[in-house]
Amino acid sequence: MAIVMDADALNAFLVEVFEQVADDFFVDDVSEEETILRLRVGPQHLRPGGTISGPSMFGLADVAAYLVTLSRIGPQALAVTTNCSIDFMRKPQAGVDLIAKARLLKLGKQLSVSDVLIYSEGSDKPVARASLTYAIPPKSIG
Amino acid sequence: MAIVMDADALNAFLVEVFEQVADDFFVDDVSEEETILRLRVGPQHLRPGGTISGPSMFGLADVAAYLVTLSRIGPQALAVTTNCSIDFMRKPQAGVDLIAKARLLKLGKQLSVSDVLIYSEGSDKPVARASLTYAIPPKSIG
Amino acid sequence: MAIVMDADALNAFLVEVFEQVADDFFVDDVSEEETILRLRVGPQHLRPGGTISGPSMFGLADVAAYLVTLSRIGPQALAVTTNCSIDFMRKPQAGVDLIAKARLLKLGKQLSVSDVLIYSEGSDKPVARASLTYAIPPKSIG
Amino acid sequence: MAIVMDADALNAFLVEVFEQVADDFFVDDVSEEETILRLRVGPQHLRPGGTISGPSMFGLADVAAYLVTLSRIGPQALAVTTNCSIDFMRKPQAGVDLIAKARLLKLGKQLSVSDVLIYSEGSDKPVARASLTYAIPPKSIG
């Protein structure tokens, strides 16, 4: 399925619709194969000892799966996550951003399914993996 | 297995070890059957339109599953989440806290498994369900 | 939501529609709270050493979640599983049936969400837990 | 991590240890990137209407994730699945085998994490995806 929103379009969408968290995220790249989303790690993402919190990694996976879906269907503020399964596999490295690589596995009329691998920037060993399902709202008739 | 940390002990542990988020959570009750954890919903948990964010609900499930484990094994700051599967089923109600009810299904030497139901306070229809696995660090020898 | 198929009706449905596996399963009870399904463990469910195979436990969870949905919506041969997350927690006991207890957590127009605990008959420690999502086909117009 | 069991070694292991199901499976290929496992679809895997049963697809994912782990650690009949999350995305095609492609994402001392994509042979659209965790037994001392 053709890409209808590129990295610039997704970044603009984030600023417009998710103003509260838009500063945390940046879309590095959108291709047929995957959408790459960066979490700009800041103090608000850390736990004692300097590790990145679970909710921060969940949020990164969630936004990455959402954006890889939107890259094919266009802006849909109403799509909602219905399921996420996430495995935390390694401790993220301190002092570097997290990079999420999201693949769209299925795009149906009602549901999309994606999977995401999360890396510490500069490493090729994933710190987490996730799979997510989104419910796509019925098309409005205008 | 006997309860070794009650609600007061878990609340004190949260303040001591997770100072950054301790204000968000409050343990309402600990019993043999379940541990009940409250998310004091504030502006930092909301998305546009007033709905509670996915990461906030994930974080609630994660802390609830962690605390139900600690209620039986005592304070272990090092236990780490290895897997979470979460289903988002209904939109939370506006203006009320979220209540998580966590059950411990297995407590092994290396892993604990819990499940969690999350409700808007005052409702009996769950907004989310989650199951979580924790890796328990080997006992230190002192 | 009212129960529209009781244990007898679900057992008759299994024989009619899933003849190949109907001998493996028996609905012990249907109530508002849960549907209880028995796996009549036979040689075809065993692995070397006498343990019950993973696919047999997955199948039991899948059928239990399906039947608890049908108990509320009536016979729908076309409902399909879209997601299952399952944790294997303990080794089943040898020589006894498995008992699945399924709760319906959400029944929407398009999706149902259930969770299931599986026990060796006579034990109160679950051997597995699962959560499942079903896609419910649109009502046919006849 | 180096490959210590190739396709021939894994196929021989299946015959030796899982005689009951060894005829159902065949390892097509083992590489650094992935292990490819074939389900030789037969009448025992089908549901009414000719579709492949959920337990058959679960079993394929389970064996594929197990074998990709063994390809790096050698024969370990005792490794046990602790968690599986599986999404069923498309109806398999009739009359062709299923092909599972398993990647090893983490290999720790106690746990391995893998993900699996399942295809109808000859198609590039996955019918299912799964992620699985295995508990690896402590090394015996001989």
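Observations on the structure shown:
To keep things simple, chains are lettered A, B, C and D as they appear, and every chain counts its residues starting from 1.
The rule is simple: a residue touches a chain if its C-beta (ideal position, glycine included) is under 8 Å from a C-beta of that chain, and two chains touch if they have at least 3 such contacts.
Here the structure is a predicted model, which means the values were calculated and not measured.
Set against the C-alpha centre of chain D, every other chain centre is closer than that of B. The interface at A-B recurs elsewhere; of B-D, C-D or A-C, the pair that shares more than half of its residue-numbered contact pairs is C-D. Computed from the mean C-alpha positions, the centre of chain B lies at a distance of 33 Å from the centre of chain D. Look at where the CA atoms of chain B average out and do the same for chain C: the two points lie 28 Å apart. Within chain A, residues 82-83, 85, 87, 89, 133 each touch two or more of the remaining chains. Chain-to-chain contact here is organised exhaustively, every possible pair of chains being in touch. Across the complex, chain D meets chain C through its residues 17-20, 47-48, 53-56, 58-59, 62, 77, 80-89. Across the complex, chain B meets chain C through its residues 85, 87, 89-90, 105-106, 113, 115, 117, 125-126, 129, 131, 133. Residue ranges on chain A touching chain C, taken from their complex, read 82-83, 85, 110-111, 133, 135.
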